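Two complexes follow with chain A in common, the first pairing it with chain B and the second with chain C.
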Partner chain A sequence: MVTTVSRSHATAPDTAPRRRRRWRNSFTAYLLIAPAVGYLVVLLLFPLFRGIQLSLTDTKLVNPAGGDFVGAENYTNLMSSGQFWNSLLATLIYTAATVVFAVLLGTAAAVFINRPFRGRAGIRAVMTFPYAMPTVAVALVYVWIYNQSGGVLNNSLGVLGIGQTGWLTDPQWGMFSVVLATVWKVFPFVMLVMLAALQSVPEELYEAAKIDGAGPMSTFRAIVLPHLAPTLRIVALLMTIWSIRRFEIIYLLTGGGPVERTNTLVINIYRRAFSDQDLGVAATIGVLGLVLSILVTLVFFGVERRESRKEAAA
Partner chain B sequence: MFNLRRGRRLAVTATPLAIGALLLSACSSGGSEDEGPDVDEGGTLTIANYQFLEPGRGDDLWEAVSGYATENDAVTMERSETPFAQYADKLNTELGAGGGPDVFVIQDAQFATLAEAGLLEPLDDVIEDADLNSTNDDLVVDGEQLGVTWEQVAYALLGNKNVMEQAGIDELPTTVDELIDAGEAVQQTGAAGLGIRHQMGEFDGWYLDFNAWPYGNGGSWSDGEELTIDSPENVAGVEQYQQVIDSGIVPVGDDASTFRTKFKENQLGFIIDNSGAALSFTSDGAITGTDIVSGPLPFDEPGQHQKIVLAVNANSDVKALAKDFVRWFVSEEGQEAIRPPLGASSLATDVPLTDEFSQEHPWAQTFIDVNPETKSTLIEGFETDTKTIMQSVMQAVEKVITQGADPADALEQAQQDASSN
Partner chain C sequence: MMARIVGRAFSFTSLAVLVVFAAFPIYWMINTALSTDSELYRTGQSWWPTVGRIADIPSVLSDVPILRWLGNSAVIAFGTTLLSLALAVLAAYALSRFKFYGKGVSAFFLFATQMLPEALLVVPLFALFSTLGLLNELHGLVLANVAFTMPVAVFILKNAIDAIPFKIEESARVDGCPRWGQLTMIVLPLIVPSIAAAAVINFFDGWNEFLFANTFIADSEKWPASVGLASFVGQYSTPLSSVMTAAFLFTLPAIVFFLIVQRQIVSGLTAGAVKG
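And now, the complex of A and B:
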């Protein structure tokens, strides 16, 4: 106590140098984070501001500086347009189907290749291959596979006596075909992440379950799944956000067709911006898409908080 | 109940967003009055054209336009190549941002949009001595010549003679019913019947090609003042298109590059296409010009033409040089240089086909003959909205061919959609 007081008295005359030192430390800190802040301002905040600003104007692609302020007109027009709601529905269907199937397939594949068997390394490499392929190449391969008149799929089905299907041209099959190609492309990501999570499950837990007479399904439900749950949630969130904003594979396979069935928000943005040359409306759809992504993220954090509380209570 | 702390947090987040959005509205760009360095000083001249990527013909086209460098040896010419599917979007984005190539070709629909936006340089002073034909007349906007015809390409029915012979067909069909019969006969040999675009993924090319069907039935998309999308003639055109697709002679799923390749490889009997595509079939030597037969479209009325326009960027750094290139292009020398690789198209001046070309490409004469009768793919009175209107039309056509929707109902819906936009 006495020592503290005397020390504080002793340092009192040095207030100015201390302040200078503190300022110098703060300055260094600000200097160090400046590049990161600059990066965020230029590549995140500026486009965000610009997008919001554009959505309140009637700006055209060929005259980006010449748009007039129209207030919320773009928003009200979109809300009353059936095409926007169809586009939103297509986005939700595509996202839900892609996330569900990719997560299920990726998790199943991870469980499969986590077990020791002969040639496991080779199988792992092969199963990772789709994720390493460029999306454009995947889309072109699937265009050939799905070709109605000469594609591998219809020719194979023809051998089985099943008639030709317009995988990319029939409105009944368009979304299915796009989801199938997407899941094939992205499921290895889920697989790799889940494989890492699986390898963190302590071996003793498996042994204990075995001693207790648990079968494979009960072991998975009682031991593996609780360990995987946090990773599954974050993977599902990432897959959802990526699916909402996915463009190339959908555009290259169907261009938003057939009959608008795969015209997701991102495809709609492209069409509005480039075919209709209406940057204002395209930006409005972009802002609404951002709101959708934020909602998904909020739901995720809500679930995450509830699970944390549950765990704390347990 | 409103949470004060949350409200403050919202305000803290929203205020910079709003301020930033308002500040950004100060950003602007505009065209330049500066003509750049004199022609004699030279410089680098960038010319953009999606046709430069066409196998065989692309190099011939570049060689022809490079002829300008022999007249002006101070110029360095650079070609800018983008595939057709992305060409218009990329160019619009570049020009809108104040950049882009110095000279470029554009479809007439894009010309109307760019002209309205003030992004094209007037060319009146460099075309004074040229003997321009009437194809250039509609490129005058508010009394200023903002572009010249690069080529005006008509559409015709083309047959692969080798495939036709194998199917025992002597002459090209002249009606849709005959076309279906001929397509079915070709299919018996293992080849496909008729190649036409039919997918929304190829919208930019599909809507241009599709005009053949309504125009061939005497239709049009407007009367100059009002849209006439659901007119009986247009409905008849869509019905015939549906009839052909339903007949099974079209290899559904094949995009243009696939069915054009099949035609070159003797795997497709017939194709409805433009003269530019027809010339590209023979450019890489897979088939020769004499393997192709041509005839008018199998309709009662003439079809459409695509006009491709040569224009100068109003924001170019070398505007004087770019305009001088156009002066050379419309001169006798330039037109003669560009005639062979542009084949059977109408050009900016009435430069005839050479005898040598006509002998090598007997199919070309049909295009020359039908071209004067053809109609523009631009919608009269709605020129700058052509692509947007055609989006509604092609969505209706897609419903007809994929869902079996009634053509009259589908076009009525398209009429309502296009009118309300």
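And now, the complex of A and C:
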């Protein structure tokens, strides 16, 4: 609540001109931050409340301003709809698989690239390309790689005598293919963050481990891993929230198919809104998806608090 | 000694596998761009690109209106960057240099918005934009994008301003330099690298954005490249090599700029996530 520009003035006697300046300073601060906050209120907060409100109506796409209040009907309908639970399950499978594989692969890549060697900068740059590539381009390339006849994946497996697989059309493989393309796209993010964390491990710890005769595996387990743990937890949280939110790559690769296997909540929202033209139901799924994100975040902060207490006690 | 050689061989092999995994789809995009449809669908795609076909690239421009789409993407990305940075510079300065009632709440609000799924907001935003007549307009798209890019820029710029010693502004103030002058003549010149990094990140968020563009822009003349290229997914009447060439032209600037500001992007991404 202390309003002052200069820290050295914070304890200065509270005279009238000082008070006036202080007021003027906080006025300036409000003036500076108001455009940004106001912008987000209009373009995020207001639509968010409008979304919650829409979820209580039967609004249709053809008349977005109309629609009658139906109470919790959309919610109760969804709760008893197999399609919704299937969509939730698809979200959980997609999220769990993407987070686990992206974190494992990204961390492994960071460990391998952490040690200095010739050409390291170039190799690191190549490994970040997927992250920089626009998702639409990623989808176009993967659709072609996965193509049933002529795609390089089936062509190569064909040489080994394995028959053609419909990577994006076979219900058994749809989710796998979408997860693989996603992991390819996002693992460089994990790699970059974990690389920064690895480089913050103090050199003395490695030397101490060497003197104690620890091998590379036990050094990693006993020294590096505990040091990485807080960063790993945050990266896993970010990855989880982003996976729940992710739209583009799933939409472009499978559009929610085959047989709704990859119909995550976010894809479901879009299909309900713009194919079924049912804005009320779409908004309801959106609200439930947001609740899921918030739950994940709360669980994360619970774990975080327990872990930091444990670290403080140790 | 033996264990060490095995260990080295293991990390070398793993690294090689990872590099191939990361680079292959990009290589394949280029290789496909330099193939003909009869190779792709009949005789089988070669593992090596026919480099001589680079000369045929201009003919792609007649198959795919990629230049117009890239132009639209650039307009959207520039607009997004300018508006986003204008708002973010002021907000970051306030959050870094002032103490005021509600500061914690404002900061929390700015960053909590990043959790909202675009797909949830696209429905009410569609309704809002249709009443305001902003559908099918590039500037409407800019308005929607900035809501997601601006908080990122605030985060990067606030960290940058925090790192400047306050003493410089203090002495300017004593010399009678007004607030506005302190911001424009002292703070901004010192954070140019971070502004550049934030600009590049915001630019490519606008450049790559698909969901809002796909929903709001119906007119194919106004499509950005993301929506235009997406219209070729699962569509085989346009030669695939042309589509891949267009996709490559869309990808190239994103990768080049990412490499140029990689250091800033990485420190921006990791500032919050890495402790210790």
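As a working rule, the second predicted complex is superposed on the first by the 286 of 314 C-alpha atoms of A that agree within 3 Å, B and C clash if a C-alpha of one lies under 4 Å from a C-alpha of the other, contacts with A are read in each partner's own complex, and residues count from 1 in each chain.
The rule we apply is simple: contacts are C-beta pairs under 8 Å (C-beta built on N, C-alpha and C of every residue); 3 or more make two chains touch, one makes a residue touch a chain.
Please read all numbers here as calculations on a predicted model, not as lab measurements.
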(request) Determine, under the contact definition given at the top, whether A:132 touches first (chain B), second (chain C), both, or neither. (result) second
(message) If you tally the residues of chain A touched by each partner, is the higher count for chain B or for chain C?
(response) C
(request) May I ask you to decide whether A:150 touches chain B, chain C, both, or neither, giving the answer as first, second, both or neither? (result) both
(message) Which partner chains sit in contact with A:33 here, chain B, chain C, both or neither? Use first/second/both/neither.
(response) second
(request) Based on the superposed arrangement, let me know which partner A:48 touches: chain B (first), chain C (second), both, or neither? (result) both
(message) Is A:225 touching anything from chain B or chain C once the two structures are fitted on A? First, second, both or neither.
(response) neither
(request) Pick one for A:64: touches chain B only (first), chain C only (second), both, or neither. (result) both
(request) Identify the partner contact of A:254: answer first if only chain B is touched, second if only chain C is, both if each is, neither if none is. (result) first
(message) Just to be sure I read the superposition right, which of the two partners does A:298 touch: chain B = first, chain C = second, or both, or neither?
(response) neither
(request) Considering only touches as defined above, state whether A:123 meets chain B (first), chain C (second), both or neither. (result) second
(request) Residue by residue on chain A, keep only those touching chain B in one complex and chain C in the other, then list them. (result) 45-46, 48, 50, 64-65, 143, 149-150, 252, 274
(message) Which residues of chain B touch chain A once you look at their complex with the stated criterion?
(response) 16-17, 20-25, 27-30, 88-89, 92-93, 95-97, 113-114, 117-119, 192, 198-203, 251-255, 387-388, 391, 395, 398-399, 402-403
(request) Spell out the residues on chain C that touch chain A in their complex, using ranges where they run on. (result) 3, 7, 11, 14-15, 18-19, 21-23, 25-26, 28-29, 32, 40-41, 44-45, 87-88, 90-91, 93-95, 97-101, 103, 106, 109-110, 113, 115-128, 130-131, 143-144, 146-147, 150-151, 154, 166, 170, 173, 179, 204, 207-208, 210-211, 215, 225-227, 229-230, 232-234, 240, 243-244, 247-248, 250-251, 254-255, 258-259, 262, 266-267, 269-270, 272-276
(request) Can you check the complex and tell me which residues of chain A touch chain C? (result) 1-8, 25-26, 28-30, 32-33, 35-37, 39-40, 43-48, 50-51, 54, 59, 64-65, 105, 108-109, 112-113, 115, 123, 125-145, 149-150, 152, 155, 184, 188-189, 192-193, 196-197, 200, 215-216, 227, 230-231, 234-235, 238, 241, 244-245, 247-248, 252, 266, 269-270, 273-274, 279, 282-283, 286-287, 289-290, 293-294, 297
(message) Can you tell me which positions in chain A touch chain B when the two form their complex?
(response) 45-46, 48-50, 52-53, 56, 60-66, 69, 143, 146-151, 166, 168-171, 251-260, 271, 274-277
